[in-house]
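Worksheet: one structure, shown below.
First chain written, first letter: the chains are A, B, C and D, and each begins at residue 1.
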C-alpha cells in the first residue's frame, strides 16, 4: 500500500535526519519526499510518499517522539477519497468534474451532488450519482444549512467541493467542515471579491480575468488559496463574453486544486497553503 | 509617409462606408484597418494605417463632415515620439527601457530621465541621456512638482513614462499631462493598490503575482489599464523573492504598453482602453 | 437573422469601400467587421457579422460584382452546425466535447460519434447521441473507411472532429471532407509528429508540452493549424505524467478551435489559417 | 558562508538518511533541500543549501563514504561565478544580460564579451566590460575557434553564454567546455532546428513561437534543455514580426536559464536536465 506522511511542526535542527532515520529503520521505499521551511514563522513542513508494510500507529508514535511538541502529523493512504459537490444553477464546473470522474481522472468517489436548484439534476442523473435538491424557499438560512449538513453527513466526505454554489455559508457550517470546503471563485483574488466579479472586471477594464480555488473560511473569498490562474482578454469582451471565456479557467483551476487535495499535497498555515 | 488615423465617435449606420469612401477617393494605400463598436455606450472606434500623399487638414475636414457631431479625430505620422522618463531608486524597469532604446526596439526618443534620487544617474549617463535630479528635500510637494513639470516641459514629450517612480502625483500635474502619463504598478490591478504590493501579495498567499501598466489619473492605481500580465509563484516565495521574480513581468508589461502608445494604438474611453 | 459574410480575394484598392457601400445600401446592421491583407500573397480576407433582412443570392451577386475575378465568397447564418465526432479508445477529449455540448457551450448539434472501439459507447449513450462502432478487424483499410464515410454521410456534417481518433486517414477520405476534418494532436506541432508524442517529449527532455488543433490533410500532422498551446513541465514528469497533464491542454485547444470553426472565423490560405 | 551540495548517484535505500546524518553531525543549517529519484534509470539527485563552518574535503569524503561507488558529488559556494559571453551582430539578448548585470540581478561577473562582429562593441563598452572582436575572415574555422578559445581561457569562466552567437561550434570546442556552454535558440525545440527558425515558423503557420535555452552538444540544437517558453501569435505576424515579438521570450528564457546555472540548480543526466 502507498502512504503519504504529512508533518507540520516547529523547525528544529536534525528533523530530516531524525525522520529519515525512522523511515530507514522501517525499511520503507521512499517514492517522493518534499520539505519546506517557512523561515518567518520557523515552521517545518514535510510530505513523504512511501510504500511498505507498517503498523500505522507504531510508525506515527515513533515519529512523534522525535518531533518538537508543537506538531501535526498525519498518515494517509492513496485510497480514493469520498467527495460531495454543492452546486447551484450553473453546470459547467460541475459537468467538468463529472466528466473527469467518469473518465477516471479524479482519484475520488463523487458520493452526491447537492443543489439549491434543479437545473443540474438531469446532468447528474446521467452519471448515476445521487442528487439532492434542497431549495431555500420555506426555510430560514439556518434550517437550509441544517438540511445541507444532514445530506452531506450521510456520506462522511473528506472534501466538499463548491462547484459554483452561489450561497454564502454561515460560520457554523464553515466551522463544521473546516479545511474540507473547496470553493471556486471566478476572479483572481483578492480582486473582485463577492458577487458578479465579471461585471466588476468589465467596469474596471482589466486585461486579464481569472479564477481562484480556495478553502472556505468565515471571511468571504478570503480563505487560503490553493490554485489560481488567468487568461488574457481585451476591450471587445462584454461581461457576458468574460463569463463565457472564463469557464475554461474556472474548470481547470478547480480541478487542479481538487487533485492537489485528493493527493494530500496541501497543508494550511497562516491562512495560506503550502503545497508539497 | 505613413499615417495613423484615429476616430472615436458616436456610432451611426454607414460610418465605415462613409470613411472608406473618402480614403478611397484620396487614393490612399490602406495597410491596416481596425474598427470596434462599443454597444453599451454606442461608440465607434477606428484606427487606420495608410500611406499616401495628403493635405492633412483637408483630409481631416472631409472626414469630419461625415461623422456625427460628437467625435474626436486625430491623424498622426509614424515619426518617433519624444518621451521623458520619471524614476526613483530602482533601476530595473528604467534600465530595460534604456537598453531597448539603445537596440532600436523603441520607436521613441528618450529625451530625459528625471528622478527624485541619484541611484540611476550613472546608468542613464552611459546612454548619453540627460539626467535631472530633483530631490524632494527642501521643497513642498507643489514646489517639487513644479520643478518636475518645468523639466518635463523643456522636451515637450508626447508620453511621460513613470518607470517605478515612487511618488504619488498631485491632481494638478495629472491634469496638465492628461492621457500622457503611463505608470507601471507591480500588481495585477485592482488587487494590491498602493505601496508594497508584494508584501500584500505575500500576506494574502496568492499563487500569481503580476504587473499593470496604466494611465495615471487622480485615483491612485485606478486609471485606464493598457496591459497586464501575471506569473505563477508558490509558497516558497518570500515578499523579496516575489519582488525579484516580478521584475521580468514589470519590464515586459511596461514596454508592451509603451509600444502600443508609441504606435498610437490606444484610445481611452470610460476609464478603459480600446486597443486597435 | 444574423449573417456571417466571408470574403477571400486578390487585394485591390477600394475593396473595403466597395463592399461597405453595398452593405450600407442594404441598410444592414454591422456587428463586427474584420479585415486582413496578406501582403506577401496580395490576398484580402474579410469577415463581417451583420443582421438584417436580405435576399441572399442578390446580396452575394452584388458583392461579387465589385470583387476581383479570383475570389471566394460565402454567406453563413449563425444556425447551429451539424458535427460528427470520430474517436478511438480514449475518452477525455470526447467527454469534454460532450459535456460542453450538454451545457450549451457549443453552437453545434453533435449528430453522432463513430469509433473503431467500444470503450466510449456507454459514455456517448448517456448523452443520447447515436454511437457507431466500426471495428477495423475483418476489413481492409479502404473498406473500413468506406463504412466510416457512409456513417458520416447520413448526417451531412459541416465539421468532422477527430477527438483522439488514432487511425491515419487515407487521401481519399481527406479529399472527400476537405476543410471539414479537425484533428487534435498532442504536441506543439511541428514537433513530435506522429504516434506517441509524449514518449518523444520525454526522451527529448522538453520543458513544455502542448497540443495542436489542425485541419487534416494528406501529410500527417501537417495541415493548417487552427489553435495551439502549451503547459510547463519539469524533470519529474514521466511520459505518463505528461499524458495526464496534457489532457487539459488537448481539451481546451480542440474546443477553442472547434468554436472558431462553428463561428465561421477560420479561413484557409497557403496551408495556414487566417482567423478573423 | 553558504554552500550548495550536489549529489548524483545510483539510488539505494537510506540515502537521505545517511546523507542527512552527516549534515546533522556537522551541525549545519540546512536552508533548502531537494531530492529527485529517476526511477527509469534508478538515479538519485540531491541539492542541499546550507550554511556553517566546514572543512570541505572532510565533509565530502565523509559523504562519499556513504554513497554507492558510481556517484558524482560537488560542493559549491554562493560566490559569484565568472562568465564570458559570445555574441554576433544582434544586441537584444546581450544587452538584456548587460543591463541585468548592471542592476545586480545576475550573481555573476561578466568578464568579457567575444564577438565575430563589431556591432555590439559600443554597447559593451558602456558597461566597462572587455570586448574581443575575433573576425572570421582570414581564418579557417579551426583557427577562429582557437582564437575564441584563447580569449575565453584568460578568464577561466564557469559558464560561457552564447547570446545569439550565430556560428556553429566544432566538436572540439564543445568538448573543451563540456557542460559550460549555454545557448539560446529562437524556437521551441525540437521544432525548427538550425538557421532562421522564424522563417520556418512563418511557413508552417504556427500559432505560438518560442525560445529554448540549452547546453551545447555536438548535435545542433539537441543538447539538454534548461528552459523554454512560448508566446501566442496569429496570422498577422510576418517572419519579421515574429522576430520582434520573440525578443522578449528569448531574453527571459536565457536569463532564467542562466540564473539556474548560477545558482547551481541544474544537473545533466541522459541529455536532459534535472533542476533542483
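Keep this in mind: a contact is a pair of C-beta atoms (placed from the backbone, for glycine too) under 8 Å apart; a residue touches a chain by one contact, two chains touch by 3 or more.
Predicted model only: the values in this text are computed from it and were never measured.
Trainee: Count the C-beta contact pairs for B-C and for C-D, then tell me which is higher.
Mentor: Contact tally favours C-D.
Trainee: Taking all residue numbers at the subunit B to subunit D contact, is the shared part over half or under half, that is, same or different?
Mentor: Both copies touch with mostly the same residues.
Trainee: For subunit C and subunit D, what's the span in angstrom between their mean Cα positions?
Mentor: The mean C-alpha positions of subunit C and subunit D differ by 40 Å.
Trainee: Could you please state the distance in Å, as a whole number, between where the Cα atoms of subunit B are centred and where those of subunit C are centred?
Mentor: The answer is 38 Å.
Trainee: Quick check: what residues of subunit D touch more than one other chain, meaning two or more?
Mentor: Expected reply: no residues.
Trainee: Under the touch definition given earlier, write down the residues of subunit B that touch subunit C in their complex.
Mentor: 13-14, 16-17, 20-21, 23-24, 27, 29-35, 37
Trainee: Please output the residues of subunit D touching subunit C within their complex, sorted ascending.
Mentor: Against subunit C, subunit D makes touches at 36, 38-40, 188-192, 204-208, 210, 224-230, 232, 234-236, 238, 270-275.
Trainee: Give the list of subunit C residues in touch with subunit A in this complex.
Mentor: The contact residues of subunit C facing subunit A are 91-92, 95-96, 98-100, 102-103, 105, 123, 126-127, 244, 247-248, 252, 255.
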